[in-house]
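Before anything else, here is the set of structures, which you'll find just below.
Next come two complexes, and both contain chain A; in the first it sits with chain B, in the second with chain C.
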Partner chain A sequence: MGQFLSRHRILLPVFSLAVLLAATFYMQPRAMSYFGINLLFNLAVPIALATVAQMMIMMVNDIDLSLGTFVSLVACVTATFLNDSPLLGVLILAALILTYAGMGAVIHALDLPAIVVTLGMSFVWGGLALFVLPSPGGTSPGWLRALMTVKPPLMPMAVVASILIALVTHFLIIRSGIGTVLRGVGGNARSVARAGWSVVRLKALAYGLSGLFGVLSGMALVGLTTSADANIALRYTLLSIAGVILGGGEFIGGKVSPVGAVIGALTLALAASFLSFMRLSPDWQIGAQGAILILVLTARLIFARRENATG
Partner chain B sequence: MQQSAFEQDAPIVALTDVAKHFGAVRALDGVDLEIRPGECLGLVGHNGAGKSTLVNVVNGGVAPTAGAVAFPASGAAAALSAGVRSVFQELSLCPNLTVAENLRISHAALKGPGWRRAARAEIGQSLDAVFPGHGIEADATVDILSIAERQMVEIAIGFADRGAEARLVILDEPTSSLDAGIAEQLMAHIRRFCEGGGAVIFISHMLGEIFAVASRILVMKDGKVVADRAAPDFTRQGLVDAMGHVAGDATHERGDQTRSLGEEVVHTPQGLSARRGEVVGLSGLAGHGQARALAQLYLGTTSSWRATGRPQMVFVAGDRTRDGILPLWSILRNASISILSETAKWGLVDREVETRNAEKWKRRIGIRTDDMNNPVLSLSGGNQQKVLFARALASSAPVVVMDDPMRGVDVGTKQDVYAMIRAEAASGRTFLWYSTETEEVCQCDRVFVFRNGRISAELTGAELTEERILEASFEMQEA
Partner chain C sequence: MEKIISRPWSWSWLAAALTFAITSALTDGSGAGALAYAALSFGAFAAIVGLGQMIVITLGPGNVDLSIPAVMTLSGTLALKAMGSEPGTAMLGLGVAVLVGLGTGAANFALIYALRLPPIVATLAASLVYQSIAIWSNRGLRIKPPAGLADFATGRVLGVPNVALVGLALAIVVWIALERSVWGRWLLASGQNLRAARLAGVPVETVRASAYVTVTVLASVAGYLLASFSGGAALNMGQDYLLMSIAVVVIGGTSIAGGLSNVPGVWGAALFMFLVVSMLNSYGAGAGVRMVLTGLIIIGIVIAASTKRARK
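Our next item is the complex of A and B:
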């Protein structure tokens, strides 16, 4: 019974993606090809990485409102420093990850609300991004461009990358011992502390992982778009939160699913394409995207109710 | 002192003149204590006597203000490495993880590939050892387990291998949500564990359990140890007297012979009914539908879009942190939330009425605080529960629903509350009272015994005895 329930958390995101995919193929049969699928999910790769980054934070009961600006900053650094002087670029990116880890430690040690700290940091990241790249431009490093446009056999890059991200984070968060302890922090931080763990370090680790995936997201984005802009990923903040929730995660309680989060990100990316295929005016698209989100969440609520009734 | 084979061994933990002050409050005031292998120390005292602080000093959760804590037997510097384990009163598992994963939290040495299998085996073994026939899967997520099962898992984690032998296990109210059979299994395991050279600190408000399992009893009062003797040297009455509250079994007389009850005010399709001025008990084994019946009744009566301002029913929660306390609010706000709609003027809170209400109930129910504006979490568990009682009784609602409200409450508080319930019932209030303690249920006018989610017996007057209740709890199982 317990096995079934924990599995059936993932069923809904899978089902939502399948339905949306089927509808898209019905509207536009030509999308059902190697090239078509790659086009549909191309931009989902950075979103999936950002969603995983957000999930790391939500796993420890916090929320990150700075993720969009952080990814933008990373994109700017990637398109400038990483391209022009790789060593300096790598150092800057490593420093950004460490800053994220430090932010987690400070939030826990001083008992600050993450929502306020990250909101504040979003202005810092945004400012730095403008400082690095005042006007849109820059160039993607050649190897990154090559990596993001590689054409593996059988499956398009976007699908391979998504599966890879899901597998790696699943092992990291769900299967590994330290991932279990990290989820424990979200479930009951006090009991983790009593068992002799340093919660400050664990939170720093969770934020550091988030920073790492945020950096990967920004780099993937530049690899796809070939140039950057200080506002390139602003919508990632909300997209990533929506992705985690769509994927079966919860705001509190350490209930997260990496596989679900990746699927949630794919669903969100697909929803945009689907609405374009429906020839919906762009004015309505954001509203329609919201409607899809509400629909999925309603379905989940009904599932959860039933679970409670039978459990 | 008890003469045992382990007497000459070095103590597992030794406290010398330990004191702990929280501001002006002396939670511990010069305590000396040694616990040797093979001992089961029963720790009793009313709420706020310093029991929790004492065990937190022993397990390293709290640093003492003065005095020294040492672990001579192991020579370790910290409680965790000395083999001291704690099972806390408030359930402290991670609800989002599985049973096996929760073990991983406290057993850091489990790592590398295959740690899950090892964790499953270890927790399974421990559960089997303590609670044979438990039926808990190692892969079940904790939040789908019942409260009793969670408690069982927590105890099993306390006794589990975890790479190093457990030397001293602290059990804080371990049986508060277990039924009698499971509690008996735990007692048997504690005895085996102590015979094997382990030691246990056992905190319970059920004196019967203390006498059943403890080899030595420590009585605390106001942060001091007032008695510390071998268990056989105590009598039940002596123990209660030492705690400083007058309580006994003599207060069993019921007013129902003289009191005439009013008309029926509660009736559910399930068969549950209550009349005005009646104290109706719900009993049976834990988790057999009593709490659900009360919740259905309460939510069904009060969840209306058109609130009338005068509530028909109020609820006293047993699971304080989940259903009762508003943790960020002051004691005063917590107590007065039930009367806001009745006393509000033009939709605004009447501060004066609120304050008067708080002062009145602080006096009547004896909430131990110097200022009702203190945060509610500054109170001890039993006093928080008193606040919940005050909240319910302050409202004008004619029916009070209580979901095992005495969980982890000390004997003295219980007697105070019993008396208050009697008085309120005499003035025409109706109480529906679910309790896991048979002794409590026997004080009711009428008792419904639940079994498998249904009412299996309705007992009144002379039929209302512990034997009859037990009979009804188990009856259908035998058939």
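Our next item is the complex of A and C:
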């Protein structure tokens, strides 16, 4: 049993999500509809994208403490420049992605601790966001709003988008050649270097991908909320780390699961909806989220035990 | 001189001295005293939580306590509630704060040890619970600290703020514990190589537990002092101290890879972080510019410290 579970780590996030979903439907049967599910997972898409962004960094053994402020900055740029002068907006967003890639290269080349550099960058992104949008406001570009509120047949937008994100990142990270090398950087950077790869470039690529998904997350968020402010996504830093871990990822060793990460993000988004259905006193909402997080992670014990026993 | 420059803590003190000189030059030296006083007062809180974070970071990669802000808020809230503005209850409040520290630290480590959660996730999840307890017990009330305690927290002895003296005393205690006690050797050994330390007979789990309890006790004391200093506990009173605690540890010259701590550097960095903000303020920089420059300065110092390390 233990061995089966440790080989199929993806079962844990799937199981957590299923249990939480069943509990939600039990509490509120009316949520079991196209419209209900759309509401439940409404804010899951930007969280899922941010979680994938964090996963790219954790894949190469680093951690990004600036992601929340970065997504906030992207949201501010999207709600202002991208709406008012699309060309300039696209240029700014591209520059942000390049900065992320550069950050990865510098962290590796100078052997800096990622946790501190990203901590410093979180001040930079936060400051720039205040600069772009000193007070809450801005407008979502019309096409983005339309994209995020589109109503596909059979499944709500949030579900379709999540499946799409999971599939694309799964092929990119797990199935493709470059994805395997990227995970190798997290596993053993030295042997990847010996095999003739430039680790600096690979780290830049991983960070660049993270920047790309961070940008997509900020854009998706503005598409849903229609406006932005400089603090809109601060909690994404912690949410994204929790999402990756919930999805079966590890902090070291290049062990990540894109599908798991997306499911982890959905679980976190659903936990918030579930708690509001429970009519819990608002005082305890945050604490209950923490408790759910601890509960789900406890289930990891079954997996970890087995691995410790064999390794 | 060469020896002093090569010490890792000299960087943060040098940076602090430089920003102090630049800022007080703006006011022709007349505001220098007031600036130093403010830096010592506000730096003390960052230094106290930084000392705790340093002990945990010394344990090695992956060890960091993200529950500091929530613990500060919880201890400030519960301590002020227990004292209820009654005179002569300062020690009761301190006792409550220390108990909060012991309890949260034990809970954090229980999650890390028993559930084998990565410390980042464990302390993060636990902090959500602490925050809820603080919200529930606070309920928007703003209880004033007892007058005597408030006077102490905002007072001074021989021109030095009392909170800075407390911070200094705690720093000396931590320094002695790290440099002159077996526990300190054990902590450094565990941070350098957990496996080797375990094989050498170091009770590594006890050392880790003590580190995670120490950080929350220090955060609780900081929360208690901050609430007394600012005339009451607020639910967001701890939020600045998460990033601040990590920043002062790293700028102070403690290795993020673990196994090397640096007490004087933490104080230097705490003063520096306050002085940078007041320097940018006195140049009339807006909030956005101020944050961007603070971030760039943090990164600049980390790069400077690392290139110096590489040359050695």
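Rule of thumb we're sticking to: the second predicted complex is superposed on the first by the 299 of 311 C-alpha atoms of A that agree within 3 Å, B and C clash if a C-alpha of one lies under 4 Å from a C-alpha of the other, contacts with A are read in each partner's own complex, and residues count from 1 in each chain.
Going forward, a residue touches a chain if its C-beta (ideal position, glycine included) is under 8 Å from a C-beta of that chain, and two chains touch if they have at least 3 such contacts.
Please read all numbers here as calculations on a predicted model, not as lab measurements.
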| item | value |
| --- | --- |
| Which superposed partner A:L205 touches (first chain B, second chain C, both, neither) | neither |
| Broader residue contact with chain A after superposition on the shared chain, chain B or chain C | C |
| Contacts of A:I92 with chain B and chain C, given as first, second, both or neither | neither |
| Chain B versus chain C as contact partner of A:F131, first or second or both or neither | second |
| Partner chain(s) touched by A:G184 [first = chain B, second = chain C, both, neither] | first |
| Contacts of A:M121 with chain B and chain C, given as first, second, both or neither | second |
| Partner chain(s) touched by A:I245 [first = chain B, second = chain C, both, neither] | second |
| Residues of chain A touching chain C in the complex | 63, 65, 110-113, 115-117, 119-131, 134, 238, 241-242, 245, 251-252, 281, 283-291, 293-294, 297-298, 300-301, 304 |
| Residue ranges of chain A in contact with chain B within the complex | 1-3, 5-6, 175, 177, 180-181, 183-184, 186-188, 190-192, 194-197, 253-255, 311 |
| Chain A-touching residues of chain B, taken from the complex the two chains share | 61, 80, 86, 88, 92-98, 101-102, 104-106, 108, 110-111, 115-116, 137, 139-141, 144 |
| Chain C residues within the chain A interface of the complex | 61-62, 64, 66, 111, 115-118, 120-122, 124-133, 135-136, 139, 243, 246-247, 250, 256-257, 286-299, 302-303, 306-307, 310 |
